[in-house]
Amino acid sequence: MLGAVGGFAHGPHAEEGEPRSAAVTTTRVLAVRLRWYERVPWRRVVLVVLGVAIVAVVVVGTMKTLGLPEAQRYTGQNWINFVARGISQGAILAMIAIGYSLVYGILKMINFAHGEVFMAGAFSSLFFADAYARSGFLDRHPVAATLICVAVAVAASVLTAILLERLAYRPLRSAPRLVPLIAAVGASLFLQNAFRGFFGPQPRGYPRPQVLGGQLSILGVPFQRMQVLVFVVAALSIVALTFLVTRTKTGRSMRAVAEDREIASLMGIDVDRTIVVTFAIGGVFAGIAGVLYAMTFEQVQFTMGFRPGIAAFTAAVLGGIGSISGAALGGLLIGLLLNVGPALFLTGFGIPSPFSLRDAFVFLVLVLVLVFRPGGLLGTGEPEKV
Amino acid sequence: MSEDRIALEVVGLTKTFGGLAALNGLDLRVREREIVSVIGPNGAGKSTLFNVITGLYEPDEGDVRLAGRSIVGLKPHQIVRLGIARTFQSVKLFPNMTILENAMVGQHCRSRAGVLGAIVRTPAVRREEARIRERARAALAFFGPRLVGYREEQPAFVLSYANRRRLEMARALATEPSVLLLDEPTAGMNPRETLEMRDNIVRMRDELGLTVLVIEHDMRVVKGVSDRVVACDYGRKIAEGSYEEVAHDEQVIEAYLGRRAVG
Amino acid sequence: MSVPLDAAAPAATADRRPVLELRGVSTHYGLVSVLRDVDMEIFPGEMVCLLGGNASGKTTTLRTILGYVQPSEGQVLLDGEVISGLPTVEIVRRGVSMVPENRRLFGSMTVRENLLLGAYLRTDRAAVEADLERVLETFPRVRERLGQKAGTLSGGEQQMVAMGRALMADPKVLLMDEPSMGLAPVLVEQVFEIIRSIRALGRTIFIVEQNANMALSIADRGYVIQTGQVVLADTAENLLRNPLMREAYLGEL
Amino acid sequence: MLEGRSVVRALALLAVLSLVAASCAGGDGGDAGGGGGDGAIDCATVEFGCVEVGPDDPINIGTLLVISGADATLGQDSQNGVRLAVDYLDGAFDGQDGTLLDHPVKLTNEDDLCSAEGGQAGATALAADPTIVAVIGTSCSSAALGVADTILSEKGILLFSPSNTNPALTAEGTHQPFYARTAHNDRIQGAIVAEFALNELGGKSAATIADESPYTQGLTAAFEVNFEAGGGTITGSEQINSEDTDFTSVLESLKAGDPDVLYFPVFVAACSLIIKQARDIMPDVELVTSDGCLSSDTLKNAGDAVNGVFASSPDISVFQGDPFYADEFVPAYKEAFGTAPISVFHAHAFDAANVLFDAIEQVAIRNDDGSLSIPRQALRDAVFATEGYDGVTGTITCTELGDCATDVTIGIFEAPGWPVEGGTDEPAVYSDTKSLDEVL
Amino acid sequence: MTGQPMSSWIRAGLAAAATSIFLAAVGLIERFRDLNLVGEEVTFAGLVMAVVPFGVGYVLARPRIERGERREVPLPRAALVGAVAGIAAGLGFGAAAVAVDAFGVDRVRAVFLNVTEGLIELVTFGLPPVAGAGVLAVMSGALGALGGAYRRSPERWRRPLGTAVVAVLVLGFLQRIVPIALDQLNLERDWLYSRRTGGLTWPGAALAAVVAVLASVVKARLAERWRDLADRGGSEGAEPFGGLRLRTALFVAGLIGVAALPQVVGSVVSEVLGTVMVFALLGLGLNIVVGYAGLLDLGYVFFFATGAYTLALLTGATLNTFTGQAEPALSAELGFYLAIPIVIALAAATGLLIGAPVLRLRGDYLALVTLGLGEMVTVLVKSPWLTPLVGGPNGMRNVTDAALFGFGFRSPQHFYYLGLAFVLLALVVSHRLAASRIGRAWTAMREDEQIADAMGVNVVRYKLLAFAMGGAIGSLGGALFAVKIGSLTPASFEVIVSIQVLGLVILGGLGSLPGVVVGALVLVGLPGLLREFEEYRFLAYGAALVGIMALRPQGLVPNVRRMRELREEERAQDAWARASIAQEREDEEEYEEPPVEPAGGELRP
């Protein structure tokens, strides 16, 4: 027995024939030495270098941009417009981001198809909006018409979200994490192409009530009316959601399920129902965002969910996924970054057409946030425990 | 053979999580070929101590020395290579790898074949692979017939609870350590298995010449294996000495054992 | 290890109706049989413990009672009504409550929220408030911590909150899953102290334990389960005296 | 033992090599069956041979258009045009396919996926089918450039595009011998738009927006070259992603250069958005776009904002005034496909198909048994020799480099007077005809 | 069967109706009404309409697991269940048609583009809608009953029948491939395929069916004999197909078959095979990252693009420009074989570079970051910023054809050999890595990263290694793609490539090398052959991804260990219970029992 065991009790670099004895073990520790480069924390070095490089690019780029000769420089009004647009786009992103955040919080999965939930809402309400626009109802009763469109969009988004949960995710709930994520990627592809099949590939104009056109002056700064509406609606609904989650029984059940599904069910909480409710709330927000988005850009298409979806997810991560205020903050920041960033950081380097690189920008931010602060801005940032 | 050489030394170790000190200036010395038990209530910082020693956490203050050299700041895999192996409180295996493969992973730090070698499969690489296999088998054989033979090719998850613990230990042995850290090696075992495990721990010292640091709640095991017992509470050492000394220490009884257990 | 099972029914309780009853329950996971023809009865006000080694079917028994697993044969009855086949929520609503293994509090919620979640299904606000008060009386230390995040409590306090949370449902039967698991000896004592105090409230308790000594020292009766079958059923005293028991579970070799 | 196996391996290797060699040797032996016509052409000897169409077989025309994905409307529209041409073979849009030389015409549709690999896969499939007489396609220049044009030219199969406008396809040095198109070369359109911007709009400075398609790249490049040559300055060129929806920042940054004219020959989706967003951001700048945007969808999607936007296009007032297009073609399109024309190149496809059919009629050899032999080289030559063909899109005359829309009349239309469904059909506000030789 | 009330059959039937309505609404029925598979009678549209009720009957008749036993549904009951569900399906579908007709087809069509008069006519068999719906219900019922009955029919009938139907349908679907191949082989095609309808002729179909039945019967016989022989004795001599010599002969025959394949199947299929090989290479690379190391990479197109463009730049390709072509800002004129090592090295280095910062992320975050990196590459190759280097939207042309001693590899039939060589190389490399200590380290890391680290595996190093190896092989795929097409445009490097590659790796089975090949054949080869369905390709892809995850997460050709992982976690309770119980019993019996079968190897309930 001893002999057999002794077989593994000798040095790593020892040759087969070396004498084996238990005593060897104690001195072996000294035999293994780490070389100097093994003590260098390489990952951290790379990160620091990367961080410094990026900060340098941003700072230098900004300075160069602001130092451009008068003729090539953006005016103050340009910047104000960039910012205003960033905020309004950010508000929409925040509303989509909430859907990602809620679902992630409760199921620990990225609902990759949430962008399509958003698209479903916008697209489905088109047919009502279009009919109202043609009949003149949209401009005669803009509030009522818009509310109906929102209701339709919300219904469609909620339905899509619930079907998604029921058919694609629920059967996989206890599977390893990657499985539902891959299913979500599939579902996203499926939904996009299903809508394309239903309604055709071409973009469709989405009418906007005339009252929402034009500008509104706030503190002497002209804003698009639509932008103001978007911001107000987003802010209100986020406040409402915060109340729902922190103060109501439904909210408590959602938090309980998010934390420990099994124990929640022991408390008598219907876990399946709570998850459905969570998806539905995400759908409500996506639906509202869908109409706002469609009215802002006055156009819908089956691919419209993908990029906003990614940007919104980035926003959710940036803010700290699982956190509602985080989603709001993240949305605003991403919106700003998309609209101000390329102009501010890249123009100075003389990079042609800086806005063509804006999507690359979003992803760069995503990478940086995850690398340097994986918990997000409002998250804990703590690594996972053993 | 100087039995008094210090194998592992922990000096003034401090580690806090969000303001709470899990370790608070802990000192600990383990001599070569000694079995030291660490006891203490939950949250006393015992597992944190293991995590710091094995490099999973970095300490806020203090030093960990293996045979006199500081190992603080090294990565877990480097520390394994230097000769410290461990098991976990909740058994952590690679459940879908076979039993033999689990043990072979232990040999990873004792082998060096690289990408090119693996692709070309040079004779040296083949020899090394054979050696890995042989030593992994030897480690499994330490626990008698339970993990060898046809069982080698079974996935680890089919094992019973006790055998999982044994396999985890065999995997640790396969890293050819000089110091072995065992975190509650008998938790969840029935009395028969517990006794067997107790004997195995003693054999590790006697037959393999290992230095063993063990966290244990079962006082019968602590009594049966320990050369020395260290009691902790709130990340601090509150008593140290032979089992009898520590078991009758007022502070230890108060914080950990309770009146009944001693009687 | 074969012992006649007819010693199972405790004479003293023969005339009463059991609160919780398992009648010939068999459970399968897929094609694998886990429980085989299990009969158990728990009478009002009684404390019954279920003993057994790892993977003997203890946890599955609890999961079957709670409706996470459907028995493939047999029935689970609560107060004479069949509850097997009902969803977990409904079973909880009818008065089965469990203190899970490792306490499993909602760490990011306050102690108060945790306790209130225990009463999630109850709509009688006044009674819930009264029960909350009673729980806090039973565990005065919890009162001091009401506003604190549950995750920041010490192990013993957490155990109290977990017990209190289960009590808040005002259950007919309280199930406990390995309350002493992974606790230091001093804490184990504390936990059993807590269980005794709950017993004193007159609650019916069904406790699953590995620490047979401790469990039998406070229980009325016990069942021993092995590879999915009940192999022993007797009063706690008899079980403590049973030589086979002593060898296999009480650690006296 | 080991040796035995290596012998086997060596043998196997040898076998493989000999097969490879055999395939190389045999590869180019054209086996286009020699039905032997009675005309001047002997199919057995002529380069690329003939397509044999059996007595009861249809004439098989390939299409290589984008019919899936985001650009599907483009290809679908062209395909519809081809289908209408088949319908019209009997001289009427009656939903009944006509015949060509007493043979029915069958369309074998492939998808160019609007990408190089799609072009390759589709072209390979069509090239492999010996019954394919010619191919209408591609939709996207990227599918043709160096891919489909090369593959089909090597097989002597004509690739006739209704919608490739990228100049490189017919440029000296890159043109492939069997490639031709009825779509106009971007160089002409770019030049005329630049002229319009300089002279009619009085613009001194201009900014451009392109997207990631070679089509818009070509147009903006042509515009920029000609605009600067005419004395204007380009204040900024941006590139967008056609799937984006928010171009405000791009516009904002272009606005910083204070241009007089904004030229953005992008496709409908992005175009309508740019129109609406540009109206808000740069209300004083003249907006000019091109035929990729000239669509009823734009009018619908962009709403009022579109009014006053100029769009260049082959002057379809030619076929505006032509009752055939308005009264026959468009209604037939609606009847057959359920919608008004969904994109811009259906008419070009219709013309391409008709030119092709005429050429087939010219060169096909009728055999006694009712079968046909269509010599490939002659067919190509016949198409390239087309001169003064009166098509829906104008007069078609092919050059040696395959540009069949040579003397292109480009009209500029001011919305809502666009010559599309939903527009008010006013004549072009500017119109000019140029030949390829006249432009840069 | 006891617990399955009528209402659940009807529910299943209605779900089937919803499926039919969905398929009709996306256009899969009407648009293919003229796609003849056999004669003019069997069209694709008809097939779709028939498959749904048949399928619901088939599924409902599946065996159930009750009380730990597998229970088969009795045949009459299976037929009944199928009929009920089928009728429900038909009624639902028919009712929808009637409703649309009543509401006005044009009004519905304003929203749902594919709802046409023709569709309604098709669904209601040209009868008045209500009557047509009735006929539809009856036919659906019959098909459902047939589906149920088929499932329960004896194996020796079911197999040949199924094979025959599948064979005929496959030939029907390949109507644009097989005739061309026959032509190229100078074989007569008209007996099999009609030039008029496009599809199979009836005699051809009958012949195909007969051949399929025969083949199926012969195969069953052989399998039986094989089993007998295997039962009789486990010794070497008892091998059913004789000794080494025969096996060598088979091996050589296989080799010749593989070598001769492009000549036999013709250029179209060769072209498809070429694409399959490019994607198989990508799949093999991604398999190292996802399958071996467990890092979900959704941005694999990054390496695809890097490989393609680097090779183009290194071998002197030119840029497409406004008026022709131009030299890129930076390029070399190396030969393909000189450039390839550089491409690989560069991709590996890039893998390290982008891997380093993101490796500590959790699985799904990593997925997103990599998705981002993939998108960045797409954005960059299109951007005006890099246009002088890579041509921007216009792309590049004149990529080398990898000529070896004057033998170019551009044409599909030649490219096959180049692709094959590289795929084999990548297979060998992958296999050897997996079987080495490196593979073991990857597995350990995938199972539990922290524990692997604590057991001496340098997790960071092995993750980076996976990224580098995956990147290297992926870039090879890109380089070959560039050779194959000869032109590069950004459209070829969209995010969908990443998803396709991931899909094929998953379909085949994560970590399984044969799986990658099979996955590439199914997900790339099949669409390549069925190009008329291109429009629905990604719809099917999406559905397939969801379906695979739900029904067979281990893939078609699973890797044993990955299968365990996916199943064990999925049914942790199950595995734990069965294994521990078995083990415990065994332990009690003093280790004398034969080994217990590990979890897996049994159908999911």
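Read from first to last, the chains carry the letters A, B, C, D and E; within each, the first residue is number 1.
In the analysis below, a residue touches a chain if its C-beta (ideal position, glycine included) is under 8 Å from a C-beta of that chain, and two chains touch if they have at least 3 such contacts.
Model, not experiment: these values are computed from the prediction.
Minimum number of contact steps separating chain A from chain E: 1.
Under the contact definition, chain A and chain D share the contacting chains E.
Annotation: D-E is the more contact-rich of the chain pairs A-B and D-E, by number of C-beta pairs in contact.
With centres defined by CA atoms alone, the chain at the far end from chain D is C. Computed from the mean C-alpha positions, the centre of chain A lies at a distance of 43 Å from the centre of chain C. Chain centres here are Cα means. That of chain B falls 46 Å from that of chain E.
Averaged Cα coordinates give chain B a centre that lies 34 Å from the centre of chain C. Annotation: 73 Å between the Cα-based centres of chain B and chain D.
Across the assembly, chain A contributes residues 200, 352-353, 356, 359, 386 that each touch 2 or more other chains.
Residue positions 56, 78, 81, 88, 107, 109, 111, 160-162 of chain B each touch two or more of the other chains.
For chain C, residues that reach two or more other chains under the stated contact definition are 53-55.
Looking at the complex, you find that chain D touches chain E at residues 5, 8, 11-12, 15-16, 19-20, 22-24, 27, 31, 54, 56-58, 67-68, 72, 108-111, 113-117, 120-122, 124-125, 127-130, 140, 142, 145-147, 150, 166-168, 171-174, 187, 210-214, 217-218, 221-222, 225, 237, 239, 241, 338.
Residue ranges on chain A touching chain D, taken from their complex, read 72-75, 78, 81-82, 85, 89, 200-208, 224, 293, 297-299, 301, 303-304, 306-307, 338-340, 342-343, 347, 352-356, 358-359. Taken in their complex, chain D has these residues touching chain A: 69-70, 72-73, 237-241, 243-246, 248-250, 252-253, 255-257, 268-269, 272-273, 276, 280-281, 297, 300-303, 342. Residues 53-55, 154-155, 182-189, 210, 248-253 of chain C are the ones that touch chain B when the two sit in their complex.
Per the touch definition, chain B reaches chain C in the complex via residues 40-43, 89, 160-162, 184, 187-188, 190-192, 194-195, 217, 219-220, 255-258, 260-261.
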